[in-house]
Each structure stands twice: as C-alpha cells, then as structure tokens.
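Chain naming follows the written order as A, B, C, D and E, and within any one chain the residues start at number 1.
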Amino acid sequence: MQFPILTFIVFTPMAAGLLILLIPGERKREVRVAALAAGIIALVLTVWLYFSYDVAAGGYQFVENYPWLPALGISYQVGVDGMNTPLVLLTGVVMFTGVLISWNIDDRPREFFFFLFLLATGVFGVFVALDLFMLIFFYEIAVFPMYLLIAIWGWKVTREYAAMKLTLYLFIGSVIALIGILAMYFASGLGTFNMLALEGAGFSTTFQKIWFPFVFFGFAVLGGIFPFHNWSPDGHVAAPTAVSMFHAGVLMKLGAFAALRVGIMLMPEGAKFHMPWIILLTLVNVVYGAFIASVQSDFKYVIGFSSVSHMGLVLMGFATLNRDGFLGAGVQMFSHGVMTALFFAVVGLVYDQVHTREIPSLGGLSKVMPLVAVAFIVGGLVSMGMPGFSGFIAEFPIFMGLWRDNPLIAIIAAISIVITASYIFRIVGQVFFGKIPDKFKDHVHDIKAFDKIALVFLSIILIIVGIYPSILVPLVDSGVNNVLRLLGGA
Amino acid sequence: MTFIQLFFIFAAAATLGAALLVVTSRNLIHAALWLIVSLFGVAVFYVILNAGFLAMVQVVVYIGAIAILMIFAIMLTRKVSQVPKPVFNSNWIWALLIAVVMFGSMTWILNMWPQFEAIPPALDPSIDPLRQLGVALVSPEAYVLPFELASLLLLAALIGAIVVAWESR
Amino acid sequence: MIPISYYLIFAAALFCIGLFGVLARRNAIAILMGIELMLNAVNVNLISFWRYATPEKINGQVFAVIVFAVAAAEVAVGLAIFISVYRRRGTVSADEIDLLKW
Amino acid sequence: MDFILNHLLTLILFFPVLAALILFILPSELKILQRWTAFVLSIIPLILSLVLWFNFKSGEPGFQFQEIYTWYSPINASYHVGVDGISLILVLLTTLLTPLAILTSFTITDRIKAYMILFFLLELGMLGVFMTLDLLLFFVFWEFGLVPMYFLINQWGSEKGEREIWGGRRIKSRTYASYKFILFTMTGSLGLLLAIQLIGVTAGTFDLVLLTERWVSLDTSLFNIPVHTVKTIAFWAFVIAFAVKVPVWPFHTWLPDAHTEAPTAGSMILAGVLLKLGAYGFLRLVLPLYPQESKYFAGALAFLAVVSIIHGALAAYGQTDFKRLVAYSSVNHMGFVVLGIAAAAFAVGTQNATIALEGVVLQMFNHGLSAAGMFFLVGVIYDRTHTRDLSEFGGFFPLIPVYGGILIFTSMASLGLPGLNGFISEFLVVRGAWPVFTIYTALAMIGLFFTGAYILKGIKMTLHGPLNTRWVGRLTEINGRELLVIIPLMILMLWIGVWPAWILGVINKAVMTLY
Amino acid sequence: MILNASMFLPILPEILLVALGAVVLILDLVLPKKQHRNIGWVTAAGMGVILLLSIPARPETEPSLVWGGMLRHDWLGFSFTMLFIFGAGITALFAMDFKKLGHRGEFYLLMIVSTIGMALMVSAADLVMLYLAIETTAIPLYILAGFFIRDDKSTEAGFKYFLFGAMTSAIMLYGFSLLFGFAGTTNIYQIAQSVREGGLPAGALIGSMLLVLVGFSFKIAGVPFHFWSPDVYEGSPTPVAGFLSTASKAAGFVVLLRFMMVVFPDITLQWGAVITAMSVATMTLGNLLALTQKNIKRMLAYSSIAHAGYALIGVAVISQVGVSSMVYYLIVYLVTNLAAFGIVASCGRITGSDEMTAYYGMSRRSPWLALALLVALLSLAGMPPLGGFVAKFFVFAAAVDANMIWLAVIGVLNAIIGMYYYLTVLKYVYLYRSEDEEKPLLVTRPQKLAITVLTVGIILIGTVLVPWFNWATTAAASVF
C-alpha cells in the first residue's frame, strides 16, 4: 500500500480550512500562519508528486480507488497522468503564492482562507479525478466559493455583479455538462462513472455527435471559450488578488482540462466531428481577446482579456486534435497558470499601493517597486510568447498543430502575438517607467517580503520552463499519448 | 317511474335547493338553517339506502353538533355578518364556471362506470349492518386502527380548538 | 328501483354546489358550510356505493363514519381559528384577511 | 582543458548569463565596482572565443565544436550548437564588441546594474543566434535578443525629444523609437515563426543539418497547395524577417529612429552585431533551405539591395543629425551585404558566388567594426556637447586633434578607402556581383559615390569650417577610456585592410564547403 | 382476532409517540409554568429515544399488510416515519426558546399528533386509513400555523391553511369515494386489480386520479395548488413553518408516490404526463417567484415549492431509479430545509424580523450561524459536498435515464435560477453591513444542538453516499 499522496493533496486544503475555522476569528495572525503552513504543505506535496511521477512508465499513476457508491458505479478514484500532474503542481504553486499575496487581507481572514482552501480542494479534486461523478462533484466545489470570495473581498465597484455573473455562467456550464455526463453514463450501459472504463464504452457516433457539444461547452465555459467568455474579465477584475490568481491561474484550466478529459477523451468521434468549427470560436478568442485587451485602460481588464486570449490558445490546441496541439495546450495550461497568477499578483500589489488601476494615471513605479516591474515584464514576455520563457514553449507546438490541418488559422492566430506584444510593452512603459505622478510620491512603498517571495517564485518557474522545457514537456507528452490513443492515434 | 323514484327526485330537489340557498343566502343564520335542511335531506337518503344508523349519526352529529356549532360561531362573529357586503367575492363567476364544469365532468366520469345503472342487490337479511359496523370498528382485522386514530384526532382537535379560541388574559 | 346513477348524480350536484360555495363565498363560515356540503356529498357517494356494490362488506359505512369524525374535528378547529382571526381583525371575510400577499 | 574545449561554445554562450547573475548580487550602491566587474566579465567570452578561434580547424568541412542535447524532445528540437567559419567570425565580432560597448557605457549613471545585466543578456541572444544549429533555438535567440535591446533604448536612450503619435499624444522619442523597433522586428519575425512552424511540421525536425536535406527535397503537396507555392511563401516569410533586421529598404524605417535614440553602446551593438543577425539569417537559413527560391527571387532581392544602397546614401547625405547620418550609412552598407547575397543566390555554384559571399561575410565583419566605431565617436562628441545637430558643430579639429584624426580614420574605413578594411569587402562584393547583376552593381557603384559624399559632409561639418564658439572650453579631448575602446577597432580595420588573408582564409573555406 | 405482541411491533413508533404525547400532556399539567420550556427537551429526547426503540420495528425485506390491511409495513413507510420523528425532535429544539410557543405543552402535543398522522399516512394501505391519517396530520398543523393568536400574520396563516386544506381534502375525498365505488374495496393495493377486472374505462380512472391529485398537490404545494404556502410559511411560527415545509410535504410526496404507483399502474402514461407538467410548472414558478422575495421565509417558501418540482421529476419518470432518487431527494430536502428554517427561526427570535434586511452583516454578528446558513442554502442550491448536490444529481440522472432529457434540462436551468437567489441571501449575510454588527446573535443551546446536527447531517448525506442511497433504494423498492 503506497502512501495515498493524491488523497492527501486533495484534502490538505480542506482540512486546513476546517482547522482555520476553529481558530478564533480575531486571532488573525494565527490564521495567516496556519494558512501559510497549509500552503507550504500543499506545495511540498505537489512538488513531490510532480517529481515522483515516472515519465517513462506513463499512464495513470498513484491511482487510488475506493468505492463510494458501488450501486451506481461511483467510486472515489484518483490518479494522475502527464496531463494533470503539472496542473496539480500548478495548483500547489498558486495556492502557496496566493496565501503569501493574501497576507494583508484584514477583513475576516479566517473565512477568506477557509473559502480559498475549499476552492483549492475542489480544484485538486477535479484534476486528479478518474471518476466522472467525482469530477463534477469537485468541479462544483471549486465554483461556488468563488462567489463568496469575489463578493465579499472583491473590488467594491463591481463585485456583486461580477460574482453573480461568474457563478451563474459557470454553474450553467457545469450543469449542462452534468446532463451530458449522465447521458454518457446511461448510454454506456456499463453502470459506472469510471472514466477509464468509459473510455472503452464505445459510444455510437451519433451519440457522440449529439452530446459532445454539451459536455465540451459545458466545461469550456470555465475555460473562457467565446462567446461564453464574458464572465471572465469581469470576474477577474472584481476578485481580490489571490482569488484572481486562483481564478485565472487555475480555475480556467479546470474548465479546459475537464473539457479535454470528459469531452474529447471520452467522445473522440464527437470531437472529430465538431472541432472544425469549434476551432473558429477559439480563433475568435485568441485574436479578439488580444485585441480587446489592447484597448483597455484598466490594468486588470487588460490581464483579464489576455487570459481569454491565452485560454483560447489552450482550447485551440485541443481543437487541433493532434499531438502537437495537445502538447502545446498542456504546456500552455501550466505556463499560463503561473503567468497569469504572476500578473494578477502584480496588479494586486500595484493596486494596493496606488489604489487605482487606470493605466494612464500610473507611471514610474519601477523606481519604488523594481521587483514588481521585473515580474511584470517577465510575465509580459511569457504572455507574448517570447522565446526563452514558458509561453513560447507552449505556444509553439500549438501553432505547429494548427499548421497540420488549418494553416490559415495558424496565420491569423499569430496576429495575436503582435497585438499582445504591443499592449504589454505599452503597459510596461506607462505603468512602470516614466515619471511617477506627484500624487503617488509619498504614499507608495515597496512591497513586503512575502510578496517578493511569491513574485520571484512564480517568475523563476516561468523562466525555468522556458529555458529547460525538458522539465515539463516529456511529462505532458506522455499525457498526450494517452489522449491520442483514444483518438485513434490521430 | 316508480314512487320511490319520484320521492327520490323530490327529496333530492329539496336537498339541492336547500344547499343552493346555503351558498347564496346573504344572511348567515339563514344559510345555517338551510344547511340543516340540506343535511336532513341527506339523512333521508341514508334511510333509503338502508343505512339507518348513519342517518341517525347524521342527525346527531351534523345537525346536532356541527350545525349548531356554526350558528354559535356566526353569533360570535356577528358584527360582520350583518354588515351588508357582497355575498360573493369578485371571482364568483369563475367559481360558478368551475363548479359547472366539475359537475359536467363528474357525471361524465361516472357515466363511464359500467355499473352506473346498477340496481341495488337484495340485502342478506342474516347480516346486521349495524352489528357489522360495530365489529369492524373494533376488530384488529378491520378498522380498529382508524377508529383509535379518530379518537386521537378528536382529542387533538379539542385541545387545538381550545388553544386558538381561548384568549388567556 | 332507484338506479345508483341517481345517487351519484345527486352527490355530484351537491358536491359542486358546495364547491361553488367554497370558491365564491366571502365569509369564512359560509365557506366552511360549503365544505360540509362537499363532505356530505362524499358520504352519499360512499353509502350508495356500499349499498349497490358491496353490501356484504361494511367498508363504505366505516368510511362514512370516519368522515363524520373528521368533519366534526375540522369544524371544531376551523371555527376556533375563525374566532381567533375575528378577535384580531374583526372580520372573517376571506378576501379581507389579506395581510399576507395571498 | 578538455572540458573547456568540449563545451567551448556552451561556455561562451552562457557565460554572459553567469556574468549577469554575478552582477545581480552585487550591492547596488557600488557603481564603480559594478562597471568594472561588468567589463572584466565581458572580457572572458572574448578570451574564450579567441581560444575558439585558434582551435578552429578551418580546413575541415562542416560544423565544429558541436554539442547536442535534448531540449524539447516531443517536437524534436534540441540544443544543438556548432560553428563554421562564418559564425566563428561573427561570434568573435560579438564578443569583441561587447566589452568595448560596456567600456563605452561607463558614462551611464542610472541603474547601472540593470543596464549591464541587459547588456549581457543581449550578448547571450546574439551569440545564440550565431551558434545554434537548430532552427527552433535559432528563433529563440533571435527573438530573445530583442528584449534587452528594447529596454536599453527605452530606458537609457537619449533623454530629449518628443514625438507626436496618432491621437495627438506626445511621447518621448525614445519610447517611440523602442516601440517601433520592437514592433517592426516582432512583426517581421512573425512570418519567420510561422514558417519555422511549417517547416517543423512538414520535416519533423528542427535540426539544420537534417533540414537541409529533408526540407529542400520535399516535393509532395502541402495542404493541397503545390509545394512550390508553399515554399515560396515560406521563403518570403524568412526573407522579410531577415530583411527587417538587416535592414533592407523598405523595411528599414525603424532603424534611424532606434539608432538615434539608443544609448551609444546600444547603437554600437545594434549596428555592429544586431544588423548582422539578419544577414546571417540569409546566409545560414535562406540560402541553404531555399536554394531554388533564392535563385528565382535573387533579382528582386538585388533590386531591394540596390535601392537600399542608394536610398541609404542619399538619406544619409540629407541628415543634419550626426547619429542619423551614421544610421543611414548602415542601411547603405548593409545593402552591399544583401546585394552580395542576392548575387550568390543567383549564381549559386559559380566562382562569382564564392567571391560575393566572401565579400558578404567580410563586409559584415567590417561593418561591425566601422559602424560600431562611428557610433562610438558620435557618442563621444555627444557626451560633450549634448547635441547631435551637425549644424551646431564645426571647426573642432583644432580643439581636439586626436579625436579628429580618429574620426577621419574611421570614416575612411567606412567609406571604403583602399588600404582599410571596407575596401576589401566592398570590392569583393562588387567583383562577385558584377558578372551576375551588372546593371544593379553599376547602380550600386553610384551609390558608393554618395557614400563618399555623406562621409565627407560629416567630417566637414564636424571638424572643419567656422568654429562654433559655444564649445570652446567645453569640448575636451578624447580620454583614455575612450581610446581603449576605439584603438582595438582601428587596429582591426587597418589589419584587415592591409593583410586580409588571415580572415579571408577562414571565410573562404567556410563558403566553399557550404555552397 | 387475538391480539398478540407481534402485531404491535409494526406500529411501535406510533404507539411510542402516543405515549410521548401522554407524557407531554401530563407534564404540561404538573410542571410549574417556569419549567414548561423543558417539555421541549422531553419531546426532543423522547423523539430520540423513539428513534432508537423503533429499530426492532423495522420491516422485513418483504412488505406485509398489517392491522386488517390498514397499514403496509414496508421500508418506505418506516423510513419516513423515522424521518418525521427526527424532524419533529429537531423542530422541538428550535421551538423551545420561542416566546409563546416553547413553553406551551399544547404545541408539543399537537406536533406529536401530527407526527403520528404522518407516520400512518406514509404507511397507510387503505383509503379510510389514508384519509384519516392525512387529516390527523393536517388538523393539528392548522392550529400550529395559527398558534400565535395575538399575531395577525399567524392567525391569518392558520386561517388560510385551514380553508385551503379543508377544501382540497374534500375534493380528494371525493376522488377516494369514487375509487372505492369503482373498485369495491378500500385497500389501495387491491384497487388496481379490481378496477381492471371491473373493466372500468381509463377515462373514469383518470378522472378520479385528477381529483385525488388535487389533495396531494396541496400537500406538496405543487402548482397550481401552491399559493397557500408562502403565506402560511411566512405567517406561521418559524419552527412550525419548517416542520410544515419538510415533514408534512415529504409525507405528501410519499403518499403521492405510493398512490400513483400502486393505484394507477394502468394509466402511467397519463398521470406521468400530468406529474411531469406539474413538475415543470412547480419548479419554474417556484423559482421565478422566489427571485423577487424580500422576506426570507417567503423566499424559502417559494424555494420549497421549487424543490417540490425537482422531487416530482423522480415521480414523473416512473422508474425504479426515479423513485429512489425522489426518496433520496426528500431525505436531503427534509434535513436541509429544516436547517434553513431552523436558522431563520434562531435568527428571527433575536432580530424579531424575517426580512432580508435583518440578515445584513450576519456573518460578522455570528460567523458560525452564517456558516450554517451557507451550508443549508448551498445544499438547497445543489452544491457539493452537500446533500443537495447528490440529490439533484440523482433526480436528473433519473430524468436522463428515462430519456426525458428535456426535463433534466429544465431542471438544471431552474437550479441556476435557484442558485441566484440563494447566493443573494449569502451576499446579504456576508457582504452587506448593518448597524447592529456589534451585537452578536445569541443562539440558544437547543438551537445550537439542532443546527449542528442538521449541518453535519447535510454534509454526511452529501459525502457518505452508500448508507443513504441503500436506504433510499430499499425504501423505493418496497413501493411496488
């Protein structure tokens, strides 16, 4: 009996959250320390998991399987392969840094961390689930704390609206997907929710054609697919920093990942049938998202829309249905997760100091907070797919995948790179360089040590993956094999 | 048409007429009185149907208790009973419609029953319905449970009625 | 002899008159009278069914007895409630008891 | 020693990263320490590349000092480095110019640490391009080099000047220039990126050595389009990317702005090395990967080259800003490089081609020396006068004779005066191109005439004529540090001009084995 | 005709309840006024003891008719009996500290009688028994709804509940009488057979089905017989409203289920369609109307209506899966809604208001209570890891299984609307501020106990699935 590491990973945040609840609400310091401890434990566990995954062997590892409701074939079954191991690590990273960044939350930190950790448990659960019921179970656990986190601790102006919009969008998506899952369950006739078993269920082509869009779009809403992406920028903007990090960094991956796991992997024929037009939607995501981002004047909206654009790339990678595309998408999920967490951390830290996010009113911040500037630049370079950073490692194969069947789309999508570059450089110039406006001069200070640790940590991950892709790519590749096997080696 | 049928029709007409007056009388006391008439009419049918005991119960319980209770209640809430206000609420036309449609559909349903035109079979003289009823109500093989429950219900109703009607100072 | 249809149609008519009273009357006590009419109609039904279909069994009559009991309990409770309402509001008119939105 | 020799390229390539890290941990108050540390550290790659130079066996065909490691296994991209004669020279040029540029930058006072780190990263990017033998990695370094340059211009560029952009907003010239620089080059690279992806998809590898076989011989149709068409499009994607960098008319408009606004050292590197990246791209990628297309479109390329030469010369003549003048001269000189490449592409396999290519490679090296020198000298005078306006200069010779002499010497090298390096390479290019594109070459010769004209104009307006008395007393003679920068360049100019065989030998072997 | 001990075993819970009622009645007489509150403890503890003592009374796997066919001793009835006893105990805990409620022995007595009625209702196998049980459930509830005789709203609630209940039960009774007549028997397990033998046309059967359905719809507050429930819930004392909306409604559901399945197996197509339509109308209307409510009890009332709609899906699909999903749904719903009303009761006891505004800033006043409310509302909304999620999952699964995907889709769309208003309440609780923030909401001990039990229960039902599911399946299987 091996150590049930996945179970530990999934339930560490939850247990920590419950423990935190037991601390009296006014002892904020203890609450924070406990949260940090939990973050560190989760990080250590995920790192350990990441490096103990045996790439050569491939397949699902660390599998645990306990019956949950045998009568309906529901089991608590977890396991990781090359596709989700990085995502588990990503979640650990974001959780850890999220706690660091949230150190200054002063309004009911106990509840904040409880909800945040509940969210984390949901996210972990989805990533490692090998059972459809379990997947949807944790998926929804991951969705609803979002509402409270945004509504309570978010940006005063839009939080109520944004939180509700986000929750309803995601909830709609998840329940639609739920219907699809149920349909799969009954159509398979196997009486099990086990994904591995359902992979071999041999759904009829007609069934797949009908149900694939339900499942795929149901989950892809959370992945921010056009035209269901609307919730995402609003949500990002309204959310408090750590939540934005979680939200854009991890949650959107959750949608994309589930769309892959449940949609593409279980209904490959449906995927083949529908992807040719879905790819056009993702193209809109990529180009339109980048374009909208470039005309925003609110710092956070820029990042929000850039996430839409980048998640479009992930989905686009899926939509190619070939090895390169999946590989790129897999890497992009990780890369974008870290990058966007970094971005939102930066935006949050800037906002904490200057209390505005209007880009034209900012300037010269690199002089007071040089590290923040550097971190933002690193993130920016990643986001424009600059070689040497993880973004390039991710985007390149996606485009290669596109070239195989959709050369025209590859060319159009590439426009987004230039657009991204243009707005990133514009923001860098306007926010961090130039003269500091007088009104900020006195009260703007450098960030705290914890924040620095978080920023450096995230930046380093981006760079390491960028210059040494072998640390990540073979892993993802082994996961891609798993997908391709189901797609008939396409 | 036999005599008994004619009698039936007469009694039915009287009962229904009284019932109509119950639901239309402006004066509630009148309505209550008409209710007694109507209930009495029903008791007559029980007699025709060889259910003498029930007819008696009808008279004792319904007319003797329920109707009188209502008259008491009417007296107690007299203040409003005499203020001239419309008898019916504004939706009475719908109520009428529903009642008529209901009647139509009920007869239609009943008409479908194969034994709709059945003639009463002769009663087995060896069976005493009253004794039968008595036995049934206390036999564990029959209706003792409802019987006991009914007593519980009446007790609860009694207590409950006191709770709401009693205003302690 | 009287066919059962007579009774049944009579009962249906009585029931519908009662129903009309329930739906149309304003005064709660009048409504309660309507309900009593409906219950009586049911009893007529029960007894005639007993007499025509299952005279050898007694369930129809038992049912009717139980309905009596329930009706008594209902009236007692109902009137008590009316009186308590009346005490508070000075009316037992169903459409004037409208503090709640209905 | 064996370790060093076996991993020499990697060491050279990544030493700047180490240097950057060392700088990073230095305390930020000690400016002098930072400067000197940077300088000393930048010498080490130079030494290593000299070791490389002397261990390079010029007679052997193919790439030497190859190293290959897995880098991005799923798409068959590997860390594959190696040098042949052409890249060797450019590596040397890069490692040579970097310390000189750093030495030049001692005048920088603002955020020295960041500045120096960026410089090392820039060096990393440039070296990477010259060394790598993997198409993907080539692109990695190609793009990577942009970023430090962007920030160098954007942050340490000239303080003055404003530009109006659309919308009527006024922004700093250096912001405008850096923005234009990065967008031009990135847009240019976009096609390159897509073409590289296309190649990667069809050939299944990014290794240049393998690609030259697989891609060139590819003749099935792609995406239901004739392979010829696809290749033509890819060819132009490559060409445009490199042409932007070189720059060839009409893609050159970013260059005067960038050069003008960049700090002196930035201009030196920009003109000295970065422009060579484009030309190197032509040599390393375009010619081997697209032999037929290159031949087919050589005429067009030559046309663009000639326009660049003439336009560059005329534009340079028309400038009153000294730095802009030098910047346009780069357009002019790099035109010769492209002309030579076009000729070689057209006459592939002939002796003319070999000669032209020799000229091209040498011209790249030479221009690296002279352009860097010129920008440096402009920088020297700018440091003292804080203006670049030629009309405010004049009659400086008596005030600063040593500087005057150096300026004239360097200008002459740039001009192509026989006996100095420029002459040799331009002659070789013209000699190679003449039989191939006679008319174009003839037109280019006219361009050369204008070259003389603008160089002389520059000298005249700076050194001669009436003295602007404003400068008396403020204008000091060139100092020791500055001499330390310019003298190695002058030595090389003279050396190649007088005895070019040492370098031509290496070039010749490389060109012969390659084409 | 001989009574023996084994005959009493199936009605052991009911007998014990009667005994408890007697104890309560006596205590009400002998205890000094100040200690009357403790009758609540006695009731709650008594319910707990009854739960334990009833274990031997659990049915065999094979259902059997007992007491002359009056009752059917099966798992469906037994399970729900247990649930009602549980619910009554919890309600007693919530009511204890309510002014003018908790110290009245009559309150507990009436609740116990009503519970007995429910227990017999869900087991009844005879029309006579069923009717009587339904009335025994309802009549004490009429009084409980109007228990605050000095409160306009409460008396009005009792008034409306009574009038509407009496009318619908009369209509239902008419349906019963027809069924009796058509079949010649009052035993519901024989009706179907004898109607079939009697050659009754389907139309007549459908007609009586519709009449009966009126009464049942009233019990479960299904559209179009729903509109009493918001008024009654709002007006009733809150613990009573909780009891009404859970136990009474669940009892209605069980009866509906049993009756439809057993009595009308030959017209499933027709009643299936009716129930489906009712399900759609109920959940949609309930949710839409809940959206605009400003009073939390009214909101919960409309949400209860909506939940009846979801549960009806389980009936509408007419399958074994459907029935078990409905039973599961009811278990969850009972626990969850009790919790919701209980928290509202605890809160309203102090703030004296059930308006949404009273909930502003609640999480600052009483974080734990707020958290419990969060759990309850999110369970109602169908969020994991709470019971509501699993319940909805099963219900929708049943719909999909029956190839009624459109119904499942309507269900999920409704779930989204539901999500909206539950979250709105949570927004008030967590986000909005109020002036009373410094004043903590003091929850009394019995309430704490009840809320804790319910909250833990909600989570347990949502995570540990096997026992509940097996329970629901066993109960469902015993219908047929």
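The working rule: a contact is a pair of C-beta atoms (placed from the backbone, for glycine too) under 8 Å apart; a residue touches a chain by one contact, two chains touch by 3 or more.
Source: prediction; values computed, not measured.
Participant: From chain B, what is the lowest number of touch steps before chain D is reached?
Facilitator: So the least number of steps between the two chains is 3.
Participant: Using the contact definition given at the top, which chains are in touch with both chain D and chain E?
Facilitator: A
Participant: I'd like the most central chain, judged by C-alpha centroids against the all-protein C-alpha centroid.
Facilitator: That would be chain A.
Participant: How big is the gap, in whole Å, between where the Cα atoms of chain A centre and where those of chain B centre?
Facilitator: Using C-alpha averages as centres, the distance is 70 Å.
Participant: Please compute the C-alpha centroid of chain C, do the same for chain E, then give the distance between them in whole Å.
Facilitator: 26
Participant: Round to the nearest whole Å and give the separation of the Cα centres of chain C and chain D.
Facilitator: Chain centroid spacing, chain C to chain D, equals 104 Å.
Participant: I'd like to verify one number: the distance from the centre of chain B to the centre of chain C, where each centre is the average of its C-alpha atoms, in whole angstrom.
Facilitator: 6
Participant: Two or more other chains in contact with one residue: find those residues in chain C.
Facilitator: 8, 15, 18-19, 22, 32, 48, 53, 59, 62, 66, 69-70, 73-74, 77, 80-82, 84, 87, 94
Participant: Which parts of chain D, given as residue numbers and ranges, touch two or more other chains?
Facilitator: Residues of chain D touching two or more partner chains: there are none.
Participant: Two-or-more-chain contact residues of chain B, please, as numbers and ranges.
Facilitator: Chain B, residues with two or more chain partners: 106, 110, 115, 142-143, 146, 150, 153, 156-157, 160-164, 167.
Participant: If I apply the definition of touch given earlier, which pairs of chains qualify?
Facilitator: Touching chain pairs, listed by label, come out as A-D, A-E, B-C, B-E, C-E.
Participant: Quick one: in the complex, what on chain B touches chain C?
Facilitator: 2, 4-5, 8-9, 12, 15-16, 19-20, 22-23, 28, 31-32, 35, 38-39, 42, 45-46, 48-51, 53-54, 57-58, 61-62, 65-66, 69-70, 72-74, 76-77, 79-81, 85-92, 94-96, 98-100, 102-103, 106-107, 110-111, 115-121, 123-124, 127, 129, 132-133, 136-137, 142-143, 146, 150, 153-154, 156-158, 160-165, 167
Participant: For the complex, which residues does chain C have touching chain E?
Facilitator: 8, 15, 18-19, 22, 28, 31-32, 35, 38-39, 41-42, 45-46, 48-49, 53-54, 57, 59-60, 62-63, 66-67, 69-70, 73-74, 77-78, 80-82, 84-85, 87-89, 94, 97, 99-102
Participant: Which bits of chain B are touching chain E when the two form their complex?
Facilitator: 105-106, 108-110, 112-115, 139-146, 149-150, 152-153, 155-157, 159-164, 167
Participant: Within their complex, state which residues of chain A touch chain E.
Facilitator: Per the stated touch rule, the residues are 21, 25, 67-72, 74, 108, 110-111, 133, 136-138, 140-141, 143-144, 147-148, 151-152, 159-160, 163-164, 167-168, 171-172, 175-176, 178-179, 182-183, 185-186.
Participant: Report the residues of chain E in contact with chain C in the complex, numbered from low to high.
Facilitator: Contact set of chain E toward chain C: 127-128, 131-132, 135, 139, 142-143, 146, 149-150, 152-153, 155-160, 162-163, 166-167, 170-171, 173-174, 176-178, 180-181, 184-186, 227, 230-231, 234-235.
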